[in-house]
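What follows is a set of structures to go through.
Each of the two complexes below includes chain A, the first together with chain B, the second together with chain C.
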Partner chain A sequence: MKKVLAILLAGMMTATAFAGCGGSGNASSSGSSNSSGGSSAKASGGKVDEAMFGDETNISLKVWAPDKGVSLAKEQIETFKKMYPNIKFKNIEVVAQGENDAATQLVNDPNKAADVFSFPSDQLNKLDAAKCLSPVSKAFVEDISAVNAEGTVKAATLKDSKTKEEVLYAYPETNDNGYYLVYDKKVVSDDTAKTLEGILKACKDAKKEFVMDCGNGFYSCTFAFTGGAVIDGFEDDGETQKFKEYDENEAVDTLMAFAKLMKEYKGTWKSQDPAQIASGFKNGTLGAGVDGSWNSVADKEALGDNFGATKLPTINVNGKDKQLISMFGYKYLGVNAKTKFPRTAHILAYYLSSEECQQQRAEKIGWGPSNTKVQETDFVKNDVTLQAIAAQSKNAVAQVNIQGTFWQAMGTLGNEMMKDGWKPDDKAATKKLLQTTIADVRDEG
Partner chain B sequence: MIKSYKARRIISNTLIYIILAVMCIIWVSPFAYLLLHSFRGEGYVTVNYLIPHEFTFDNYIKLFMGAGGDASINFPRWFLNTLVVAIFSCIISTISVLAVSYTLSRLRFGARKKLMNVGMILGMFPGFMTMIAMYYLLDAMHLTRTLVALVICYSCGAGLGFQISKGFFDTIPRALDEAATIDGANKNQIFWKIILPMSKPIVVYTVLTSFIGPWCDFILAKIIMGDDRANYTVAIGLQAMTTPEFIQAYYKQYLAGSVCVAVPITILFLKMQKYYVEGVTAGGVKG
Partner chain C sequence: MTFVEYKMLNPFQRFAYNFKKFFKNIPSAIGRFFKACGRGIKKFIFGIGKGFKNYGTTFVKGDWATKLSYLIFGVGDLHKGKTYKGILFFLVEVLYALYMIFFGWGWFKDFFTLGTRKTYVTYDEMGFPVNHPGDESMKILLYSTLTIVITAIVFVVYIANIKDAYRHQVMKQNGQKPTTLKQDAQEFLDGKYHITLLSFPVLMIGIFNILPLIFMILIAFTNYSKEHFTLFNWVGLQNFGQLFDVINSNKKATTFIGIAGWTLLWAVVATFSNYILGMVVALMINKKGIKLKSLWRTLFVITIAVPQFVSLLLMNQMLQENGAVNILLGQLFNGGQSMGIKFLTDNVWTARITVMVVNCWVGIPYTILSMSGILMNIPEDLYESARIDGASPVKTFTAITLPYMIFVTTPQLITQFVGNINNFNVIFLLSGGGPTTTEYFGAGKTDILVTWLYNLSMGNEQDYGLASAIGILVFIICATLSLIVYNNSKSMKDEEAFS
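Right, the complex of A and B next:
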């Protein structure tokens, strides 16, 4: 009985696992490329020829947006419907779904998931591996590549495992998923915010803290990146993390410079979760911190007029100021490979990623645009946070094509350097730490 | 060596009390933190001191009044969902557990022993092993993302947890059954009129455990509900409040929500405790 049951259950589970995604992925992606063949008119500005809808009618779609984007997405969809008066829409619903969980929810049950959804760049590989993403319609690729920042398009372009073709998998939505420096203008002046040494000194003098999370790989990879040990996709095997060539001595010197500051400013430099930063500003215990764009509303509220934001500072390595290099992600709109209305889903995603929609998002909910025209608008140019994010994005590594081993290894690197007994001037130990970290990331340990 | 018995007793008692006090503080402090900080007025997420500087009811008010509009955080709705699920699964599973236990304790039929063994074995599988299979079975019945699915999952397997109540029924003398049979009662009447009134402690125990289940279950509810926030239960709802998207604005409301979750369980326990004690003292046959 027990055996039969166990076999039955195991069988069911494998069956469901296989049934998960895959399958119809090809069918719908071919459907979307057909739709591109049908229309000779090139798409631009978010609007397409009605012929592109093909024979899809009585359309009902589900769209996932994060909570604070739901009402705006609803408005935008109303506009979308009005743009195509001859197409019959049954229902396009917007459901709140946090981006951090989007890929998990989608892979769990693609049939019940959204047709068009918002997700951060680091989930791209997971979605691609599960074959849950329908690639961007060929009719849109040219326009999207032209109007969006190069980095955002490049990061969503993956090599197809079979055909070895470069395929664009998602529609760029934002260029803002990263962290930057926030500071209390009463403690740190705009000028001192340019160097890490200056910030730490100003904080120490004012008996305030500086928060940067050193135990979380997302933040602590900054140490390695600044030293030149920058990741660059995968090796040819498609699994091992590849690093750009770097000067090991320089990387070690940079790490030593970081460790020196950590030791010198022990008690000032706190390694804490950035979720604490807004509270710290409010209580007046904090002078500056490295915080993510998703917390900027709370930070602004806590500091009021004293809110300062800029790109990450520089650090002095052997007399030379080096800019801190961070991890930086983008957000995309993806189309579910299992959608029943692939053409409409693609047209909608294309519209939602257009200049018009990005402009509205920047103005209403403060999302940093990926559209180069919107990036140049006065509104974006005058927004301190958006400017800080945009400036940091130029000194950053795209958060895409990252192996799971990366985060823990980088977190350990930060934790080791932050440890009480760590000797900042021990070159051999630092070198060994760097080598172990790289080996751990590449899973060679 | 201390000779005096009194001195030795004092020393050993002090030691024991110190140990107990330390353990008590460790055990109580999370609850104290939860309660204190659910009234905290200042700050966003956590703060680095224990006693809040400002006390306010705002977190509770916002928790219950702030919902609506486009915000997908809707605690009152989640609370109600959980309550409904808890009440239904409590009723169904209590009846089924007691009926199964009575059957296995009093009736004699062919596969009784074998059925009991199968029940034991099935109960040994960890619950999450079957969850994915359960999800797809429910999906085939078009029940995913509904509260009915939760009631089904929580109550339908409940009969397998018969061991404890069967043990209790076994202690009630069969002489009572026989007496009732002589008086003309059938098995059904014996169960409702003789056995049940004498088994209050075990009924209360079953009610309590099956009522608490839905409030605490996380994994199954999360899998079944997916993206349908309107049908969330408190456990997954509260977890959603602590995701990076919401934590800045909702952390204090999350603490307040955690306190509120304890309320229905506490009320039920206090109400039931009376019968519980009554049942224990009044049960059994006298003379």
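Right, the complex of A and C next:
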């Protein structure tokens, strides 16, 4: 008896070694509904001919949307089902999945991942490298290119590695993934918000802080971009980051101008995570900050009527005011290449990126539309943040085709300039820093 | 130096003597270690040679059934009347053949190229994309590894089959009868009980630990990275070469050497600061005449009740430029204005020292806990006799308490040292590797090897091949150091000293 017990115990001990390997269920919503609806014609405005579904029936799909968008996506999918009364849908479930690691999750196990998912533009290359994206159906390409902003479509267009054709890989969803200037109108007036020097001075005079994250490549690339060192996709090898031709002296002068302001306004200009901006406004320690569109609701709440938002300011370099150039991304809807119902998945993604759905998203969850018609609606035109984002997007570099080495190198650039020991007047050191940064981005170390 | 001479030295001289001796012994210890490795390898090679020899001689001496067992498993056993074992052997061969035909070979044939067919897309008549999946190197490598391991196991069974066939042949020549199934089963509950007990755990460890380990080690020899995600290739020692390429001042080599140096320094300081300070606090609490002992003990142990990552993230917040520590310092010394010291993001050594100090907060309670237990366990009669002999408190400490504690805790020290080399939590959650630097590739100044490895695999770089190579090197460093230290410790050499 003792021996049997010993065997059991030994077995249990090893069982604990992999006790953590269990799977976890996903919350989902489902329900098939069939009710009457109008018939459809060809592919435009999100609607297609029912013949396009081909022989797909008993359709079950999984859709990933970020937490905030889940309930809206469910509503939109119900509408979608009603649009095609003759197609048999078994189950279209919506699962909450943060966009920030949508690509990682998808690449890890494409067979269990969503069929249609929302992702930001910087993950496009990763998804393409892993061959997880099914390119946009040729039936929809024309319509999508016509109704969406040019930049959005262009950023999702990559060269196919085999045929060298230009292929549109994903359905545009938003045009708002960027950062802009938010300020407390009591501290910074609309007029002073136009120049960085003015903002910093106003903040310092009011004993308030100005927050811009200099250690995060997403924000600190502004320093290099403003100086003209702008990225431009990849070299021909498809791996090395390409830069547009730029005047090194000008870039160095710009960096020195930034570093000078950092030194001059030490204690005012704080390099912090933008997540702390809203609480800073609430506590009254903050005068202005560079914040992302995803925090705009919290910022608005914190400042109330004093909430100001506009494009990034200008900086004075050798007597000339230069507009700050930022990084700007888009969000897309992608279709999983391993989906079992490719046609339905494409038709659904097409519908979700349509004018109707973008309008709903702008109104209900405040996502900036990429559809040019929605961009012209009163609702979008009257929204301060959406307008600030739209204005900044004209002075921005698309967040696509970016090498992984980019982020850390740019973050280090900002960190180095922020360091107490950094000398803003040291032209040689600044030049070396710029050169090292560019070499690191291009992985030429 | 003789024992008497040693006893005549004062404590400082003794310490200097021991210190010198320790460092003088290091080269010979390392030498012994490599000699032992050499012996092991030699033994292994000789073992293989012997195996081949036996393989040949058995074939020559075997009868027809034994000879046939070289091709068909179990024939020898069946022929000699050991039916059940013969059938089992034969089943293994059949199953292996089926596995190879229907699964294993399909993957293994691509093992040397890791796949060549690319994924591509075509469009159907309505314009919808049709996906044509190509090879996936990852799966090829995974299933090939599985196939290799299974083949190795079957090979072991094959050799056992031959040995068994020959053994039964000899038994038959001597007029003995083979044992029955019932007898064998009985044997597994008696003489071979250890096999019954351990086979399941060993099997599970094989599947869940060894197999993934082989797979991960193999990745170090490929160029698996973001650029080669679906299809990758063997690159030999290129990943290791990059890490040691000092001559061309490769940035990865600079990073590796810089980080490896800091990792060792960090591990030594983190281990001994916790150990010594923990011991001091434990001694103070355990001292006779201290009141409310259990209260103090509980207070220190409470810090363990807060999960480590929570305290570390809190510390990280407190040490920010606008964090609690700076505000407090400002209130005390700067007239209410925040000091604005950048503990973790600016100066290299400020950040490194901060990390080490915060690590004490996390680590000391554990040392106190184990030390208190050990202190309470030291036989009281040792102290009593020391008192009778008129030993001073310092003397009792150096002659009884310290040796006893070091003796008991050496293995624990080694574990802690290795744990600190791989102390991911403290670095990652506290400083995140910062301050960043332009000198390193994908790492900051407080990054240690594991956090760098994490950056390389989970961060933006996604250079899995390089990360895997670093992992192997970390293992080699840890294993070598622990073996050398453990084999030279008193706990190993003189197991019975205090029992």
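The rule is simple: the second predicted complex is superposed on the first by the 403 of 445 C-alpha atoms of A that agree within 3 Å, B and C clash if a C-alpha of one lies under 4 Å from a C-alpha of the other, contacts with A are read in each partner's own complex, and residues count from 1 in each chain.
Quick note on the criterion: a residue touches a chain if its C-beta (ideal position, glycine included) is under 8 Å from a C-beta of that chain, and two chains touch if they have at least 3 such contacts.
Being a predicted model, the structure only gives us computed values, none of them experimental.
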item: First, second, both or neither for A:Met52, with chain B first and chain C second; value: second
item: Contacts of A:Ile199 with chain B and chain C, given as first, second, both or neither; value: neither
item: Touched partner set for A:Asp420, first chain B, second chain C, both or neither; value: second
item: Partner chain(s) touched by A:Gly404 [first = chain B, second = chain C, both, neither]; value: second
item: Broader residue contact with chain A after superposition on the shared chain, chain B or chain C; value: C
item: Partner chain in contact with A:Lys131 - chain B first, chain C second, else both or neither; value: second
item: Touching partner for A:Thr436 - first (chain B), second (chain C), both, neither; value: second
item: Which superposed partner A:Val290 touches (first chain B, second chain C, both, neither); value: neither
item: Touched partner set for A:Ala275, first chain B, second chain C, both or neither; value: first
item: Residues of chain A that lie at the interface with chain B and also at the interface with chain C; value: 13, 17
item: Of all residues in chain A, those that touch chain C in their complex; value: 3, 6-7, 10-11, 13-15, 17-18, 52, 54, 107, 126, 129-131, 134-141, 160-162, 215, 238-239, 266-267, 270-272, 337-338, 342-343, 346, 404-409, 411-412, 415-416, 418-421, 433, 436-437, 440, 445
item: For the chain A and chain B complex, residues of the former touching the latter; value: 1-2, 5, 9, 12-13, 16-17, 19, 64, 66-68, 70-71, 74, 95-101, 105, 108-109, 111-114, 275-276, 278-279, 282-283, 285, 292, 294-295, 297-298, 302
item: Interface residues, chain B side, partner chain A - complex; value: 42-48, 69-73, 118, 121-122, 129-130, 132-133, 135-136, 139, 144-145, 223, 226-229, 240, 243-249
item: In the complex with chain A, residue positions of chain C that touch it; value: 118-121, 123, 126-131, 133-134, 189, 193, 196-198, 200-201, 204-205, 208-209, 226-227, 229-230, 250-252, 320-322, 340, 342, 345-347, 434-438, 441-442, 459-462
